[in-house]
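Okay, so chain A shows up in both of these, paired with chain B first and chain C after.
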Partner chain A sequence: MTPSSDQSVGEPALLLSSFAHRQNQFWLAGSILAVSVLMPVLIAPHAGRSLTDWVVVLPAYAAAVLVIELVTSTFLFALFYVQRSRAILILAAGYLFSGALVAPWVVTFPGIFSSLGIEESIQSAAAFAALKRLGFPLFILAYAVLPDVQLARRLVASWIVVAVVSVLAVIAIACWLVLGDWSSLRLSNAFMRDALTPGLLWRLIPALAIALYLAGIVALAARRRTILDLWLVVVLGTLLIEIIQISYLGAGVRMSLGWWAGRLYGLVSASIVLVVMLAETIAVYARLARATIAERRARQNRLTAMEALSATIAHEVNQPLGSMVTNANAGLRWLANPQPELDEAKAAMHRIVEEGHRANKVVSGIRTMFMKGTRERTPLDLNLLIEQVVKQSAVAARLGHGAVTLDLDCQAPFVIGNAIQLQQVVANLIDNAIEAMRAVPARQRRLRIATTGREHGEVVVSIEDEGPGLDPATLDRIFEPFFTTKPDGMGMGLMFCRSAIEAHGGRLWTSTNEPKGAVFSFSLPTSPQPDPAPEENE
Partner chain B sequence: MNIEASLVFVIDDNPAMRASVESLLRSVGHRVAAFHSTEDFLAAEHHNGPACLVLDVRLPGVSGLEFQRELKRIGRGCPIIFITGHGDVQMSVAAMKAGAIEFLTKPFRDQDLLDAVHKGLAMDIELRKRVKEMEALRLRFETLTPREREILPLVASGLMNKQIAATLQLSEITVKVHRAQVMQKLQAASLADLVRLSDKIAEAVAGAAG
Partner chain C sequence: MIEADASPVAWTMTKPDGALIAIIDDDAAARDAVASLVSALGYQTFTCNGAAPFLASGLRHETRCVVADIRMPGMSGLELYGQLARSGRVIPTILMTAYPDETTRASALAVGVHGYLTKPLDPEILLACLRAAWKSGPLIPRHSATDTTV
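== the complex of A and B ==
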């Protein structure tokens, strides 16, 4: 085997064999096993009853097991093809081995195909049964015990061919050994004394099989990681019950009630992995469909975000740009007058310079809002920061005749944070408050900004306006991206504020101002307290 | 166009934008009055001459479109030129339907704004002239007696004096006298002139009723 270097470490848990089993499946598997144990106990008294006439059912049974095990094997090979796990390859080979052996077993079974002129031997059927019984648990043991490796991608198909060919070769050799003319097995009574009664060697086989089944169960239980492991335990459990029923409860006699009950278990056991795989495939498919839809929606959201972002930039930049172009035109016209008005032209030039700076601020503001690189955190005096913002954003001028009150708690401790981001948050909230009071007559506009240092290690900043207040109907949506109550708003401001504050380990919330208006408050953890959250919450 | 008596109003809450538009308009000789908000505009002294308004769609308090309606309602309507940061088609269609003469998206070409302002002032002057004429005509109409007012539409519809006399059960002589009075009071030079004036009056009466 040539294990490739890339182990299945990063493999997403999307395939059956890599799913961890869930608690409810554990209980389901347990209860199926418990019920399985119950039946042999119930039929034990009648286990010896002979049902020889039922032999006609045997070919149907064999065909069912053959098909189910071969389909399971195909399924597992397909899984291996995708996942390249060596363990799955071993398991697929095991099912192929077990399923393929059903054919020679039933063909040589006494009293079934004699009408077709097929030479039958009571020894050969038993020999094939023994091979199947001992071989299959060996494959499962190998599956459970050998360390799982991922095989090289380009060799996957070759591995499948190798596995199929070797399994079939082993069976062919077995057939040749058992059925060959030179074989003395047919003449001996090693397996069977007569058509129904097992011989001396057959006494050994069940004991050996039971030992292997138990070993397999222990190995799987030790490994028990995935859904497949869990259900393989159930498979071995039912096989265990089957062999006990066939060999001991039915007194080892063929065609007894116990023997037939055991056959039923064989059928159930053969189906378990297939049923589980089909069920899980549906589940995986559903999960995948959901994931695809979610992914598509996320992409749509990203696209919308990009659209909104570009619209924001366009709008915010167009404002100063428009003013610059108009000022430049005005300046040119003043100069082009028969008597150039130099003072007017100069004033226009000055306005162009100012607007150029403003455009730059807009762009860098958008950058700080959306780009990374806001990780640097320093101890900050929130009061100072608020005073700076109030000064920079010309709050008093924008309020007109209204009043701005700073109610700052000088005892408030420092916080750890990113100055640019927090300035942007405060500026955004102030903008919103001023915006909210636009409809209010100028003299009644009142904006209050307050800080309080709380005892339990946080500083709370609140920004109170006396606008119309928040609409209760949309209150719980205001932090959603692209939600806005402004006719030409982008719905980005509050979303940014909340994510920035939460990235600092704080909270942002709203409340009602008395007698009217809205309050936006946020809290930030203070700096002396060693709070691990803010550094990693980025 | 009498640019001396006309006035261009600018309402924009962005100081830099306001100053730039004001400067641009002044540089070509317009008289400009700029305001920060619609409230300030309404509080300012009423200008009784040709005017037009350069209005930012996004205004403090009311939206530009609402304000446009309000101005019309209070009888201070004048041609409006909208400017906007980002004009969407819907908004501009609404504005144009409501009687805006131009909808400019920032950054706009200065000539576009100047042309629009020129057009707006011309429209307002024309409008005012028509209003003045109608007003004069209304005053003349009001000097008519009830009987003369009764006769006017009948004369205008082309009836002979005899027919009018029969309709109103008056003597033909009386109708003749009234008719001469109507012609004189409305300062109509001919029958054709009287028909035209009568139509205008009907229009004015209908306009006042509607």
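== the complex of A and C ==
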């Protein structure tokens, strides 16, 4: 679904008037039009039959059209209020115009309200009908043809007032012209020759209306972008069928079967936009509800992760703090004994220092994970970075008699990334690998770190150990926060590694090492333009 | 950090007293700290990095009192006590935790645990607990013949 281009500038494409229509809507609109064409064909032979008795239904029909069109207009004004599109304002005014004209039309319709003492004229009702019939398609034409602009936010309310007042003023003037005492219209037979038969002028109106409807359909079809445009085509289509039925199939004779069938179309036509808007409103509401639920769930997940994270951090800091207090107490006791044990006290002090460093490491680890600096990205030589980490974390010494092999691809291109974060990732994975080989006899510990430049623009780093390998039972959980297989593990390492690598646009995965052990690999996208000057990592 | 010969059970001779206090905690630093404190209070200790190594250790039968962390991977401190209670020789047990909660405390004391202490340990409370545990000594139920874990 592509939102319309010039409409709804800066607004999310969530409103009916800014949605591009979907294929299924298109077919639905098409089939409604097709069925609409079918009916006049079926009733054509009987279209001229007179159904004069049905005149009592006319006020109900008029009331229905009036209410439907005014509600549609209100809906469109509301839409304009949020969207500020001039086209929507024109359309809203058109529906207001069309709906409001129903009142004088039905009041002056011959033989309905005469009992109320309303002076009626066969000419006036026809004049109002003509005005409605020609006015409405003009509004739609204006909607379709005029370039749409978004009106200033502070003037929106004023625009609505201006539109409503002008439409009502035009109708008042029309009433005055048609119904005024001086008006010669009522004496003429311009519109109607008698109560049921149209006059000369009325012969022109349908032709003119048909021309306007067709022009409107063409303009909308040319514009055909939004759901609203699509359904307005259907509106004009049904109006077209209506006028054909009333004026030609019913031979223009009021109260004929064709005329009544046409009225039915008028009612359908008046309702289309309202129904579509209501349906879309419900659909938008449902989408909104789904989005809200999804958002709430996401926030809940974030909260849970944050709670768990802070609990872990608290635990990680608490542990050394507790040991420091206990060691200090032990030291005091050793000194307070009748024969002070200085060596024991000294050992306790040393342990306090160690634990202080341990707590500090946790805190600075968190800093590296979350601080601002982690967002800075520069071109990096991964090989250099790995060599530095291997040196810094004294890998060789920790492996004891084991061997560490660096198998670095000197052709591997640079990557764009954050040196501190990537160092942390490599150091974490190396720590894990060494940890995994804890139970392996020292001479058989083998750690291999390799980089490979891949052709499709990525560098793959793999860290291979010859430990017992990954337990298939827990394989899918190793990246979860707080999952750990180490007795004193925090369960944060792999989670951090994965999120850091993914933040760099890469992937982190595991595989099995041959003949035994585990491989942790990550890929990073290579920089598009390698910087000739390598980034200093320290 | 791999110690070339990391033994799960280590023992420190402080007083040639014969009976031992086992300090069981998976966190090495916490374990050493508690062991040092208990030694400073005048007891002879040995340390284990988990419940299972303690149960497997030969020093188990010379242990007069167990000081164990509750939250440990594998077997928790409370489970260790359950294991001891089911075996023939119930060693007085003091549990410690950095995350005390009333429910665990109540259930631990209900099954006969000697003490439920909050980390970091208060030396006076620890001493009182140790004295009480020491006095009660290992309990040998009548059906000691069911001790099959040896």
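What we mean here is this: the second predicted complex is superposed on the first by the 291 of 538 C-alpha atoms of A that agree within 3 Å, B and C clash if a C-alpha of one lies under 4 Å from a C-alpha of the other, contacts with A are read in each partner's own complex, and residues count from 1 in each chain.
Basically, a residue touches a chain if its C-beta (ideal position, glycine included) is under 8 Å from a C-beta of that chain, and two chains touch if they have at least 3 such contacts.
Quick caveat, the model's predicted, so the values are computed rather than measured.
*Asks:* Let me test your reading of the model: by the given contact rule, A:355 touches which partner, first (chain B), second (chain C), both or neither?
*Replies:* In the superposed model, A:355 contacts both chain B and chain C.
*Asks:* In the overlaid three-chain picture, which partner chain does A:322 touch, first (chain B) or second (chain C), both, or neither?
*Replies:* Both chain B and chain C are touched by A:322.
*Asks:* Once the shared chain is lined up, is A:438 touching chain B (first), chain C (second), both, or neither of them?
*Replies:* both
*Asks:* First (chain B), second (chain C), both or neither: which does A:344 touch?
*Replies:* It touches chain B and chain C both.
*Asks:* For A:334, decide between first (touching chain B), second (touching chain C), both and neither.
*Replies:* Both partners, chain B and chain C.
*Asks:* Both chain B and chain C touch chain A; at which residues?
*Replies:* In the superposed arrangement, which is not itself an observed complex, chain A uses residues 315, 318-327, 329-331, 333-334, 337, 341, 344, 347-348, 351, 354-355, 358, 400, 438, 442, 487-488 for both chain B and chain C.
*Asks:* Where on chain A does chain B make contact in their complex?
*Replies:* These residues of chain A touch chain B: 311, 314-315, 318-327, 329-331, 333-334, 337, 341, 344, 347-348, 351, 354-355, 358, 400, 438-439, 441-442, 487-488.
*Asks:* Which part of chain A faces chain C closely enough to touch in the complex?
*Replies:* 315, 318-327, 329-334, 337, 341, 344, 347-348, 351, 354-355, 358, 398, 400, 434-435, 437-438, 442, 487-488
*Asks:* In the complex of these two chains, what residues of chain B are touching chain A?
*Replies:* 14, 16-17, 19-21, 23-24, 26-28, 36, 39, 58, 60-63, 83, 85-86, 105-108, 110, 113
*Asks:* Which stretch or stretches of chain C touch chain A in the complex?
*Replies:* Touch residues, chain C against chain A: 1-2, 4, 6, 26-30, 32-34, 36-37, 39-41, 49-50, 72-73, 98, 119-121, 123.
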